[in-house]
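Letters A, B, C and D mark the chains as written, and numbering starts fresh at 1 in each.
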Amino acid sequence: MLNEVSSFVLPDKPVEECGVFGIYTPGLEVAKVTYYGLYALQHRGQESAGIAVADGRQVQLHKGMGLVPEVFTGNSLDQLTGHAAIGHVRYSTTGSSQPLNAQPLVFRYAKGMMGLAHNGNLTNITELRAQLCATGSVFQSSTDSEVLVNLIARYNANSLEEALMKCMIDVKGAYSLVIISEDCVYAARDPHGFRPLCLGQLGEGYVVASESCALTTVGATFVRDVAPGEILRLDRKGVTSTQGFRAQNPAHCIFEYIYFARPDSTMDSFNVNRVRREMGRQLAREYPVEADIVIPVPDSGTAAARGYAEESGIPFEEGLMKNRYIGRTFIQPTQQLREIAVRLKLNPVREVLEGKRVVMVDDSIVRGTTSQKIVAMLRAAGAKEVHLCVSSPPVMRSCYYGIDTSDEKELIAAKQPLEEICKAINADGLHYLSLEGLLEIFSSKGGHFCTACFDGRYPVEIPKPREAGKFSLE
Amino acid sequence: MLNEVSSFVLPDKPVEECGVFGIYTPGLEVAKVTYYGLYALQHRGQESAGIAVADGRQVQLHKGMGLVPEVFTGNSLDQLTGHAAIGHVRYSTTGSSQPLNAQPLVFRYAKGMMGLAHNGNLTNITELRAQLCATGSVFQSSTDSEVLVNLIARYNANSLEEALMKCMIDVKGAYSLVIISEDCVYAARDPHGFRPLCLGQLGEGYVVASESCALTTVGATFVRDVAPGEILRLDRKGVTSTQGFRAQNPAHCIFEYIYFARPDSTMDSFNVNRVRREMGRQLAREYPVEADIVIPVPDSGTAAARGYAEESGIPFEEGLMKNRYIGRTFIQPTQQLREIAVRLKLNPVREVLEGKRVVMVDDSIVRGTTSQKIVAMLRAAGAKEVHLCVSSPPVMRSCYYGIDTSDEKELIAAKQPLEEICKAINADGLHYLSLEGLLEIFSSKGGHFCTACFDGRYPVEIPKPREAGKFSLE
Amino acid sequence: MLNEVSSFVLPDKPVEECGVFGIYTPGLEVAKVTYYGLYALQHRGQESAGIAVADGRQVQLHKGMGLVPEVFTGNSLDQLTGHAAIGHVRYSTTGSSQPLNAQPLVFRYAKGMMGLAHNGNLTNITELRAQLCATGSVFQSSTDSEVLVNLIARYNANSLEEALMKCMIDVKGAYSLVIISEDCVYAARDPHGFRPLCLGQLGEGYVVASESCALTTVGATFVRDVAPGEILRLDRKGVTSTQGFRAQNPAHCIFEYIYFARPDSTMDSFNVNRVRREMGRQLAREYPVEADIVIPVPDSGTAAARGYAEESGIPFEEGLMKNRYIGRTFIQPTQQLREIAVRLKLNPVREVLEGKRVVMVDDSIVRGTTSQKIVAMLRAAGAKEVHLCVSSPPVMRSCYYGIDTSDEKELIAAKQPLEEICKAINADGLHYLSLEGLLEIFSSKGGHFCTACFDGRYPVEIPKPREAGKFSLE
Amino acid sequence: MLNEVSSFVLPDKPVEECGVFGIYTPGLEVAKVTYYGLYALQHRGQESAGIAVADGRQVQLHKGMGLVPEVFTGNSLDQLTGHAAIGHVRYSTTGSSQPLNAQPLVFRYAKGMMGLAHNGNLTNITELRAQLCATGSVFQSSTDSEVLVNLIARYNANSLEEALMKCMIDVKGAYSLVIISEDCVYAARDPHGFRPLCLGQLGEGYVVASESCALTTVGATFVRDVAPGEILRLDRKGVTSTQGFRAQNPAHCIFEYIYFARPDSTMDSFNVNRVRREMGRQLAREYPVEADIVIPVPDSGTAAARGYAEESGIPFEEGLMKNRYIGRTFIQPTQQLREIAVRLKLNPVREVLEGKRVVMVDDSIVRGTTSQKIVAMLRAAGAKEVHLCVSSPPVMRSCYYGIDTSDEKELIAAKQPLEEICKAINADGLHYLSLEGLLEIFSSKGGHFCTACFDGRYPVEIPKPREAGKFSLE
């Protein structure tokens, strides 16, 4: 089974690894609200899902492999009774599915029970794990979370806030955390604020989520983003904030705006859909083309394509039709049928393309393989010229903060100059949005971003190559 | 299990009941090509899927409940060897899933083996079934196809073409058929051409499909639409056409353009996406509004909303975000959480809507319940005014030709005048596209359409009320 | 999946193909009683199970592939409401599972609805099917039942009894039938009474079943066996008997006593367990051996081994231990591990066997392959001598009346004389129960049996070789 | 689902909690051999199964809920390549299935990777867990094994043998362990030898297993039992033995002989089947009855019933027929059908019982509920007298060493004197085997047994009541 199918959802795109949700609201069915919240965050992870619920006495857990509606039945949710909950969706970059890596992780330690769910990636996990092992810790999975859990337990601090403050000093990298104890929920964001996390109000209590779309979906009112280094405690007194270690400058992941986040989310003050449309406008200013139509690579290029069309005055058309039913499994085509598989996902519309000079807008290029196939399809469907406009700068470096961008040596922009890429994908023109142009969009409100995948400026030290995977259990 | 989940895919929309595909191409893996073709037609039916393959000696079948990629594995396709194949996807209007109703139906009769798959709905099935029973036939399912199969077997004609010509005289209603024998494939369209069916060329052979998007997906070249009353035979000699009984005027289902068909399909000479954009333009001419933004109800209202925006000059925005992961199962919300479930599917974007006068474009209204909820969501998200523009005339009557539009007594337009509907859904304005305006779009090429659901002019006699379900096995 | 597992339940044994159950008892949960009745008949068929229930207005059906407790959930049974029911368990001799062949078959015909379930095998099905096809019938499966269904429908008789009486004249072979209409249940046994069928009383109504163990399990009182050629009607008036065509001599399948039936069943006046013990006694009289212990091949040889031990005075021991968890799936061993697979099922007990002269009692030998492996295992575990006593005569001919005994050319007794078989399985002695000795057991009450598999005296004409499978849909 | 079915396998019997298997044999497919070994131990645990394999570099794991053939496919076994393996089957006493508790547990610690599987129950786990937590350990499951794993990691000793020797001093209770590192296998038995563990030779290497039936099944030659307190290391040099802490007297669980172990196993020098037959003989000497037949409660009472029959001269008969298809799921009968459910499992045979004075032999009585139902069934089937002979002494106390005997307050023998129990189950006589009579059987070879469930003499301190479940994660 595993051999004959292949993931077909996001070929040649970076992949986000997780989404988190937390709620403390007495009187609500918190497990079900978490279920809906995770459903709204499903785009952040499709491999596993889990919910842990607290009722004042204990923490109960249900998790499994699959999409949110596959993992949970009404029955399993009904059994998760309580007034507080945390949830997690996960995408794994490993080929094989690892049930042991599903989150939240629930455990018992000296102070009682605790559950933890994590979005992001720690960069010094090898050292931390070695230190913990040296004094007797054992690890049953390869998750960052298990390291966090052991650290928290070792500190055995007066309060969880204090333990987390100490952890923030030890742990390097990206993490947006939700934690549940027997009676309350904590949320924490790393000192740079790499991954998003926001706070909302719902009924008598509060919710936290990776993206605001989850807040609005469950009917919560957006309150504010969680600050870098901030620790929130949600309990019967409301919300209590503790400021932990905070880096001098935030370093919000800019790729969340380019590709990952849902368009209806607003994070760190910027609405995602608006940012994307501005990217398209900026692209049109940077790279004006004589063309007949602007088409997006759906769905992720749609907002930028619309911005390009608006700024340039060239009509927006839908020249590629996406099959809405392509799911996670897909029978690998034989050589004879390989091209069918691409068209099955994105079918070019001859009526739109024939005889036209086309500006095609995509959000990013990673390995370049898919771009090449799409350009070929457009030409086969009658396009006279194809100019590819990419609404992000060239991806040159790997991410170590929670995104899987493929190995650096597979990144086409790291291997070839622009002209060769253009030739490789057989486009009549190729333009990437400039980094300056991209940052300009955010300049009004003075955002600070991590742009390491474009310029190699890693805000936090990255793992040394030889250590990679050293303690892996996989 | 069945009690706790509910179909959430298309609330308050008519549902199409089937899609068909056929291929005769020696040297190709015909079962796999059919798999991809059905995958491209998945929007026409999500309940069951099936493929029958012929190798010159026998007809082999694999079918099951679920989506195409759920029913077929690489292994099951590898076992279906041959040079000809037919396939079917089905949506059932019955609540309970009926494995016995999955198609194709494969059977043995006096002349050998045969498989049949059917899109459409026969209107005199009760009489036909009664006649057949009176002389000893038995029926194991409630499908139209089983009646067709028995009729064909009874005629025991010189050729299948002759049997089908006789059946065309007996059978009333809508049917696009694909049939397979041990060594060739047949395709037939009813005398009015209610449901679409088109022919393409692929390699050394030919393919037929409900929509052209399936032809282009598998790499076939579109040849032409199958004519009303036409019977095609695909075999080693190529395509042979026989004209059976043909009605004086065609009566193509106009709802295919409004809602069902995939935008990248072209049927009976009209490209679906273009028609939809024209509907929006016509709507803007018929109903000009003072407004700040035009938003679609995604995805089916998007093309018309864009046309409205283009014609009116009012900016197009995405004010409702659709969750791409909503699938067939969904935990029924309790009363407390009912509104969450609607937002989970369509989340209003406050950043877009706040303080705005909104024109919202939807393709059709059936019962009106969903429209009311969406309008309420838009207002809650800050919209100052909401004008609902519907890119089809009011649905007043039931369809008997292959679409499930709900009972006539549930159709809001059949129960209330326009003003009351507008009040019921709490819009500031409501406009349906006029039937004249709709037909105007097609006038250039002189299409002839079935508009019975709007005006009650049924091109073919409909079943008498008391007979409904008389022979049902369900 | 199918390639890597293999049926391991009954290696080298004939297989029974079906069990049937019927009930008419207002006020009882008839679907659940049928579920328990089928569970008690599970040994007669493990591939599929089904129940059809009638409530006076319609017939409802639930069936599926698998064991009784796999096919039915409490939920599916709760939905089958009514006062009458029939059920069926099936073992298929085809390698691939055929969902279309699962029973009961429920259909609509000129007189309304009907469900039918069948144990046995018809021998002139090819001719009947050809006749029906010639006048327009179609067949969707390869089951005998579909032929019966069409015949019944064609006769369109005044009553079902009359239709069945006519069918009894047309149809040759073995059949124990249960039939359900909208308001009552029928049971019928073929003119020779090949397969068992008995009647019991339960509460206000009656039940019928293939074996009496199903009657006693559901708490019914055994009334009597259904006579050859008899048709029973179970309705609110009780039981009505109609005698249809009856052969001059009954021909009850003697293999039911040897191997198939459950030991606690009593059929056609003989208790199965008692008959088996008598077989062992007779074997000891026919073939006295100097030996230290008598051991059975469990479980089917246990009763006869005990009889042999009692008659001979040689101690009974358990020298082979059966693994109770061997189910239907089993990973095919590689060559290296092939012997493990045999021991996994039957493990020889060295403590019992070492240094002993052993009489091993088995119920039958078909191909001889398993016997050879068991003898080798016994010797490897220390047995000094191994005498194999078989509690049935040599199986020389195929059965055409509802049992799968393998192809005649695979039957070891049909290929080799006794001495060579003994040499082939490497036993120190081999004795089959004589046919006279076997029949002697039943002589007191004058039973009449079909012994065709031993002596080739087929009571009913068998199909001509060239016709086999002619109309098969598989 | 979980609500509607109920475990029906062993009503009113104590349940064994685990079986273990280990192998070190280069050149063999060790994962598959382990699969067959676990299959032979399936009777010791049906809830989950797992295998961990080492190839010199790493330890790979596959485990899951269900029976051995359900958890493993050929594919999953093929992926477990290596030369050493351990395996585990588990029965859980908790109602809900806990995937986290499945074994082996595989983890990484300071010295590399390790896998551990455990049969038995530790009695001071609460204290140990508290001590470990106080210095920072965390626990993700409620298994004893996780405590052992953390202890081993904390000792960080020169060799695993040394770590295990230290653990043996800390840990109280019953444990037969198999452990795997990257390159070898260890086996250890607790100082009293509560649970069985034996060693065999296979090809170039060695195997260990809970019972000898697993050794003989995989073709290994039995070498000897592992001694109490002994640690074995299986590696390329063969077997190395280290004697750890050993209690003054062994305390082998005597219930293994009475009920748990497979009859074809020989443990600590006694063959199980022989012991059981001796129990029956002893019972006949202690409690001679005037009766017509001796019948067993199958299957566990069969050997003792045969012994009783031999000693007494009263004929052995099968008066209760067991349904071989009763599996783990079973639809809960409504009140109306409750008696059917009992007969479905054990059907009384009227032909055997009618008018007879019956001695029924069962291996043990726990709560007494089932005995009462069986006696009632026998009487209903015509038995004139029913004497119940139990081949073990009365179970008066709970077991804390790896068996679930139910709460002490549910044990019928702890609540009532013999006469009242006899009356409660409505027998004409009731006799338990005397403890002296039981021990007499083993006296020849001087076995030392744990008989705490009969006489309360616990060889190792038992947990204090208030601590029970204190650290449970369930």
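The criterion applied here is as follows: contacts are C-beta pairs under 8 Å (C-beta built on N, C-alpha and C of every residue); 3 or more make two chains touch, one makes a residue touch a chain.
Every value quoted in this text rests on a predicted model; they were computed, and no experiment measured them.
Touching chain A and chain D together: no chain. Between the two copies, chain B and chain C, the Cα superposition rotates by 180°, quoted to the nearest 5. Distance between chain B and chain C, defined via averaged C-alpha coordinates, is recorded as 48 Å. With centres taken as mean Cα positions, chain B sits 36 Å from chain A. Separating the centre of chain A from that of chain C, both taken as means of CA atoms, is a distance of 59 Å. Residues of chain B found to touch two or more other chains are 1. Taken as a contact graph, the chains are arranged in a single closed ring, with each chain touching exactly two others.
Chain pairs that touch one another: A-B, A-D, B-C, C-D. Per the touch definition, chain A reaches chain B in the complex via residues 1, 4-5, 28-29, 32-33, 35-36, 39-40, 42-43, 46, 67-70, 72-75, 77, 213, 216-219, 262-264, 266, 271, 273-274, 299, 303, 306, 316, 318, 321, 323-327, 329-334, 336-337, 339-341, 343-344, 347-352.
Residues 75, 99, 105-110, 113, 133-140, 149-150, 153-154, 156, 471, 473 of chain C touch chain B in their complex.
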